[in-house]
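Here it is: the structure, laid out below.
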Amino acid sequence: MISVGIVGGTGYTGVELLRLLLRHPQVTVRTLTSRTEAGKRVDEMFPSLRGQTSLEFSDFNIDTLKACDVVFFATPHGVAMKHAEELVSSNTKVIDLAADFRLQNLDNFEKWYGMPHACPELLKSSVYGLSELNREQIKQAQVVGNPGCYPTTVQLGLAPLLKQQNLIQEESIIIDAKSGVSGAGRKASLGMIYTENADNFKAYAVAGHRHQPEIIEALEGISGKKDVFNHLVFVPHLVPMIRGMLSTIYVDLTAEGEVTDIQKLYELFYENEKFVDVMPVGALPETRSVRGANDLRIALYKPQPKKLVIVVVQDNLVKGAAGQAVQNMNLMCGLAEDTSLTGIALSP
Amino acid sequence: MISVGIVGGTGYTGVELLRLLLRHPQVTVRTLTSRTEAGKRVDEMFPSLRGQTSLEFSDFNIDTLKACDVVFFATPHGVAMKHAEELVSSNTKVIDLAADFRLQNLDNFEKWYGMPHACPELLKSSVYGLSELNREQIKQAQVVGNPGCYPTTVQLGLAPLLKQQNLIQEESIIIDAKSGVSGAGRKASLGMIYTENADNFKAYAVAGHRHQPEIIEALEGISGKKDVFNHLVFVPHLVPMIRGMLSTIYVDLTAEGEVTDIQKLYELFYENEKFVDVMPVGALPETRSVRGANDLRIALYKPQPKKLVIVVVQDNLVKGAAGQAVQNMNLMCGLAEDTSLTGIALSP
Amino acid sequence: MISVGIVGGTGYTGVELLRLLLRHPQVTVRTLTSRTEAGKRVDEMFPSLRGQTSLEFSDFNIDTLKACDVVFFATPHGVAMKHAEELVSSNTKVIDLAADFRLQNLDNFEKWYGMPHACPELLKSSVYGLSELNREQIKQAQVVGNPGCYPTTVQLGLAPLLKQQNLIQEESIIIDAKSGVSGAGRKASLGMIYTENADNFKAYAVAGHRHQPEIIEALEGISGKKDVFNHLVFVPHLVPMIRGMLSTIYVDLTAEGEVTDIQKLYELFYENEKFVDVMPVGALPETRSVRGANDLRIALYKPQPKKLVIVVVQDNLVKGAAGQAVQNMNLMCGLAEDTSLTGIALSP
Amino acid sequence: MISVGIVGGTGYTGVELLRLLLRHPQVTVRTLTSRTEAGKRVDEMFPSLRGQTSLEFSDFNIDTLKACDVVFFATPHGVAMKHAEELVSSNTKVIDLAADFRLQNLDNFEKWYGMPHACPELLKSSVYGLSELNREQIKQAQVVGNPGCYPTTVQLGLAPLLKQQNLIQEESIIIDAKSGVSGAGRKASLGMIYTENADNFKAYAVAGHRHQPEIIEALEGISGKKDVFNHLVFVPHLVPMIRGMLSTIYVDLTAEGEVTDIQKLYELFYENEKFVDVMPVGALPETRSVRGANDLRIALYKPQPKKLVIVVVQDNLVKGAAGQAVQNMNLMCGLAEDTSLTGIALSP
């Protein structure tokens, strides 16, 4: 059995990790930390877990964590990087669900997250945990930076195009993204209360969102091209729903792209992927089709000869966060990649 | 492997049965019928099932069904009773999720469902599938009538009291019940559209609901008392949410009831039940704590010395329908009762 | 023109007062105070008011308020009672939307609101602002305590019965009440965020809610009977909707009540009321039928010969708060009672 | 008083017209027709109107309508054009809320609405009712085609740019639009039921939406340029909310556009418009800020030097339908343009 620690278990990624890990046949969750809730039973905070575990939140204890095989950080940005080196030194694998190991560019990290990076050396050897694209490196990794939710949809939505040269005009990319409210976490703030979000729709962070540099760096990595994605436009919106994320991506095709069978390109690219579903021509992906599941669905449209529209849906808390983290843990530990991730989406 | 047929797979109980049965390690879903959708892939209608099954809806074929070990009817009232005898005669077990095998009183059936019963003899030998209360009979049953969603909450909410004599005044029972919209099924009707239900709350069927005679008959069975429940008041309400049911039950205590430790009574009554959770004193059950799970939670309050308030929550599509049906199938087939039913509720 | 001040304008009752008062043809809103937002334009906080007013929040200034004809307190409990005497002394009328002037029983006030009353003498001369029941006293009042939202539904739902002797068994009253989330105000607390309330239903405050003593005191006042309502059961629930409140009230009828035409009794009682609608037999009130309007609708059912069920709906922010406050202001100032309150409910 | 007839009063635009017209000081609603509901009181279908009107639905009667000053068609496409000539001949003004008088291009009408146009001559003399852009023609019009909801946001969102030459690259326009569910009308269809739409987000009609030719024709009219908008991309999405529409519009700026003060351009363009609000730099429009109001709000962003993002919000049933129709009626009848349209948005 793999012994697991979770740091920061009071947020939505924390409880989602527990939902997946408490049913994982090769995992024991050994410790779950919370600065504020130490001593409280986790099922008292999350009644959905009543009868599933007798775990209590405990204070952060580095020795307990070092005794684990894998430690997940479901914490705010800046926590994992303070402890990762010590954990790695005792052969504990680290998966950070925050941003500490997402950006290789240290200036970008400092600019967007407001702090210098605490372990630049370890960052270099860490792996960006987009499971489908970086599978082999993840298998070898000691530290994985789990991708942001929006970047996951964009990368899997564009990868088949970018792995080819000359299909799209890279500077034309526009990402109009929509997220359910759980993407903002579990925080007591006025802007997040029910009455401010229900029956309402809005854009936010139009001036710049932290996921934009992550997207750009990732697309550069996938395509091997530098500086062509800097003019990308990314506008996130907030949807009055709990879970779910849909990104509508607009790209201009090149002459070569125009004559390429894009649908087939995607189908082939993902044909062996269990969690990526290229939907048939004409299909309309809905976020509820992945509610609670680790699936990500893609549909492709050509409303104009030179324009491609890519629609991607996922559950932001599963494939966009905790599910992909477990997928990465499975890879890092040599388990079947889909262990504990085969749950079917809740419909309706 | 147990081979299973599902009759009427286009409703919400149908797709929920599939969600549970496609992951059941000892089940193969062999056939799924629909009068209107024969030939269509089920994952075309329910994209949540993409990648999970290649089943197509097929026309109703009694011979195919007779070759199954178990047949679920997820059909409107009146369908299962037409076919149950033939299926039983070929040793196929029948679980009806509609009302055909819920009421032993034939007059009540005819009055509330508008048709005479098609197989009164078979009805007599059928078993009412409230798993926790009728477990031993269910194990032996050929035909099980799966309980209505509201009646499940009321029976499990009142059983510990009714199994004792003289704790409550039976004629005082008031049930103020609230259901998510999925309880009304998957039907194209004006009253069910989004814009008529969102941001809205209402009572309905105050003049009389089909679940009322079922509740009365069941409470008579549990308590062994006749005619004392006829004055029960049952008022259902519609909540703007997809899944979930909460029943608030009010009863007057007798002098004996007043001095009884009701909390302890319930805890003992359900101490070995995996799916019934008696919450601690002061707890407040929420429907989301059981979203997608087969759990039912109960909390008890005494706001006045002689008054008991019992709050019960469940997911109406799981413990209130498809989950309990699978629980019954497990019992009927000699499997572990919780097989494929251990999924943790989706939170948030 | 009547000059109006609003103390505490950053909550939902504050913005709702503005929605109604900025369109009131005989009112000028002269000042709007907020401890935390002084200097900020009100339409910056509430963009729905853009183009409607150039008001800014200002610091609390008693002299500015004393220069007003009417001051509304849309503040937490305990604020209005500190300033009411001074305002009244300068002939300014006071309408408190919190609880400071709701309870004549000082012990109850202290017990439920955790503070001694600051002006018991003024309290005695203040009037409880249930407009339909206390109209004549309100016309003469200097200080009005605007009723709680739940108590408004209960009083108007029971008044026709209680004004008669011997129709119901007073000790049998059970109130199963349901409120939209805006009833909890505009506060940054974890329990109020979108993801904790959407697609969810729960009971709360089963052990005791502050509106219970208010209801009991009010029913005693209406009926002229003491001590018969102490065993009343009141269970509030939270509905995933923004606005709206529905109370389902259960009462046992006396022998005289059984033979009374209750429907007619209510229709006569309210026949001249513009804002109280006794719906026809068989009707099912929905909260959305009063969304944004000052209307309250009542429907009556007799599911058993001796049992009466009364369903009452209102918009908790209008008839349950700001609308009734404006109705009271109109009465106090000798204006037509419905001035600025004739808006039709938003449907859908 | 202006006497008004409404044809097709059972949909959401019908009840919204009533909400606005029953409070209009210079209007009497004389007749309201419905093929299916003749003889039924309108407040029986829409309880929000109880106490507001005693109107009954009546059969369609051309003579009754000809006796009206203004007739609104809140009917499916294809109804108004059959009766408009006869109404105009008796000097009755016609406002169609469907598409019969939106497209001057007859081929487009036939292609997208599946029927030939019934009165091409009258169509030529009809006016497209985008109130702010065509005010003077509307004042003279006998027949007005009320714009589609999406096209209203796009035209008002782009008009200041298009009225200038050479600010944007017309072929670059991408419209990512999001609508609440009421935009689909009041119809009993499976795709519209609560459980299929709540907690869900999806794109729809990506292959082509009827509003696309309307948008193109309108933009050509505003800009005076032909054939440059044919490559416009328009992708509508469905938001789980009742009312509200938000369009995110992406355009590439020309060199001249890059150096233009776009914010000031918009502010000047709309400075005298009561219903169009150009929000300050950095503001984030939300649909709830216009819930129930005739306002439309615009915000502008430049996330990249050459890219402009325009976000537009409105209530699809008010400025996007019934409100703009009343605005047009006011213009056609020589009344103050905002009569009965000054209601403030419901917040929250």
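By written order: A, B, C and D. Residues from 1 in each chain.
The rule is short, and it goes like this: a contact is a pair of C-beta atoms (placed from the backbone, for glycine too) under 8 Å apart; a residue touches a chain by one contact, two chains touch by 3 or more.
Keep in mind the model is a prediction, meaning the values are calculated, not measured.
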Would you identify the chain whose Cα-based centre sits farthest away from the centre of chain B? D
Weigh B-D against A-D on C-beta contact pairs and write down the one with more. A-D
If you average the CA atoms of chain C and of chain D, how many Å lie between those two points? 37
Chain-centre distance (mean CA atoms) for chain A and chain D, in whole Å, is 39
Intercentroid distance (Cα basis), chain D paired with chain B, Å: 46
Would you please write down the residue numbers of chain A that are in contact with two or more other chains? 12, 182, 186, 195-196, 198-199, 240-243, 285-286, 288, 291, 348
Per the touch rule above, chain A residues touching chain B in the complex are 12, 15-16, 18-19, 22-23, 46-52, 182, 186, 198-199, 242-243, 274, 277, 279, 283, 285-286, 288-293, 295, 297, 342-348
Once bound in the complex, which stretches of chain B touch chain C? 174, 176, 178, 180, 195-196, 198-204, 206-208, 231, 233-235, 237, 239-244, 246, 248, 250, 282, 284-288, 291, 301, 303-304, 306-307, 309, 311, 313, 348
Under the stated contact criterion, what part of chain A meets chain C in this complex? 12, 181-182, 186-190, 192-199, 240-242
